[in-house]
Amino acid sequence: MFETATTTLDWLGVIVFTVAGALVASRKEMDFVGFAVLGTVTGVGGGTLRDLLLGVPVFWTQQPAYLLACMLVSCAVFFVAHIPQSRYRHLVRLDAVGLALFAVAGAEKALEAGASALVAIVMGVVTAAFGGLLRDLLGGDRPTILSREIYASAAGAGAATFVVLTILGSPRELALGTGFTVTLLVRAASLRFGWTLPRYRPRGIPYTE
Amino acid sequence: MFETATTTLDWLGVIVFTVAGALVASRKEMDFVGFAVLGTVTGVGGGTLRDLLLGVPVFWTQQPAYLLACMLVSCAVFFVAHIPQSRYRHLVRLDAVGLALFAVAGAEKALEAGASALVAIVMGVVTAAFGGLLRDLLGGDRPTILSREIYASAAGAGAATFVVLTILGSPRELALGTGFTVTLLVRAASLRFGWTLPRYRPRGIPYTE
Amino acid sequence: MFETATTTLDWLGVIVFTVAGALVASRKEMDFVGFAVLGTVTGVGGGTLRDLLLGVPVFWTQQPAYLLACMLVSCAVFFVAHIPQSRYRHLVRLDAVGLALFAVAGAEKALEAGASALVAIVMGVVTAAFGGLLRDLLGGDRPTILSREIYASAAGAGAATFVVLTILGSPRELALGTGFTVTLLVRAASLRFGWTLPRYRPRGIPYTE
């Protein structure tokens, strides 16, 4: 029961993020193992940290099929990554879908484990953003989460939408779908229109004492 | 009872380190979310790793008020970080206070969880140093813990002082205060007088066989 | 009983990896604390992540003697690291031995904790590769695990050999010895003969629709 609740979203998110991680491996021209490591770490990294922080069993240690899927998907990407013309654009889109899937899946699993609303939202962001952070660190790229793009806040908006709707008694499918859509739209709009959040700017106000 | 013992020190340490993390975000001219991420990770990172390693529930999953405080403090820093004239000097001082707070708080929580003396000292160092390490890694700075400065060893000295005094039967307040003071003094002296530990130097002794 | 099963291999692996970590500290001309941090993190890092993922108590929190050994060994390296003529070659060899020890020790501990075959193999790779990954990240080197060398796959081959032999009912010593030997030989051959795995190469096949 507990398992079925999050399984479908977790599966989709894991596969989407695995493809995104393996595409980074293809851009770095890594070998098989590099594909498998980057793909798997990206795919299961966020959910792993979520489970550790919540103190529940790490999901893939109970269900090794996740690991098998990550490895098979990474290998498949090894052979077909040359087909799309613009790998980078696909990567960014896949990453946005994975972000939206994991934002609601992470928040839901946290609520099921008894976490409070704020912790559930943070777990949505952690689940959504940590896999990509590991991918960026291992791949030697600057973490997207700290870039000027709207990334973690898109995940937070979707997770918060899901948590608020759930607390208000919304049906599960509606809450999940709305949260997913919010994250995806915010992230897509940020990419499409170059939306950014206001940045801190040093101000040269001199002391006048 | 268990909670009250460490709560005050944990709160102070979390807030001080959150400010330090958010000041780094201000130096990098990040946006709101960057402030919240860097501030929160720096504030709760050390305690999170300590709790995971000790196998006890991660403190902020039980008490979401910590997360809320980290976010509010980070936002506050966003608006007032331009006021002090030398942010870098404040950052270094705050970091020293946070280091001293977490060194004794981490060691105490480890002792309460039943850890041995050596593990408690290491947990003091982990709690004190890991938040700052994450801040350095995410902010793209060289880890202070591996610099030539006296940093982890200051935390270790304070944690060891606290653990030894506790084992000798010292009142809790005296042990905490002394350990805190030792870390703070060692770190301050290191900064003030440029103290360093002896470094390894390659020696050119040729083989004569 | 559970403890004695893995203790010897764990001890050997921890000491070998601690020496390797401390040798990196000597190449970076760090101080005492840098040696202790890099040596200890390299020595216990892989087993720590394995235990966290498996949900069992982290081994060194139960047996602080590991920590003590890491610190003493790191200090010893501080004083004798100048003696060998080629520290780098020793480091690479030690690393290969530690990789082989931890690949089978990690897989065995996972099987004892009730993990499935695939999870046990992955735990062997995690235990073997994570300490070195932390060492590379903290030391500012490029992660070996993502280099073109055969590293994680050597650990995977040995861990898989051990797991398959164990499932087939082989005596424990035979399974451990064979798995250890497979990892060591594959890694040594990779270093000696420059073996690599096929890398992904971008292909310039234009679309012809």
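Here the chain labels run A, B and C in written order, and each chain numbers its own residues starting at 1.
Just so we're on the same page, a contact is a pair of C-beta atoms (placed from the backbone, for glycine too) under 8 Å apart; a residue touches a chain by one contact, two chains touch by 3 or more.
This structure is a prediction, so every number in the text was calculated from the model and none was measured.
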| item | value |
| --- | --- |
| Same vs different contact residues, subunit A with subunit B, by half of numbers used | different |
| Superposing rotation of subunit B relative to subunit C, computed on C-alpha atoms, to nearest 5° | 120 |
| Chain centre separation (subunit A, subunit B; CA means) in Å | 29 |
| Numbers and ranges of subunit B residues touching at least 2 other chains | 52, 137 |
| Interfacial residue positions of subunit B with respect to subunit C in the complex | 52-55, 115-119, 122, 137, 142-143, 145-146, 148, 150-153, 156, 196-203, 205, 207 |
| Complex contact set, residues of subunit B against subunit A | 25-26, 28-35, 37-38, 48, 52, 57-58, 60-61, 64, 67-68, 78, 81-82, 85, 137-138, 140 |
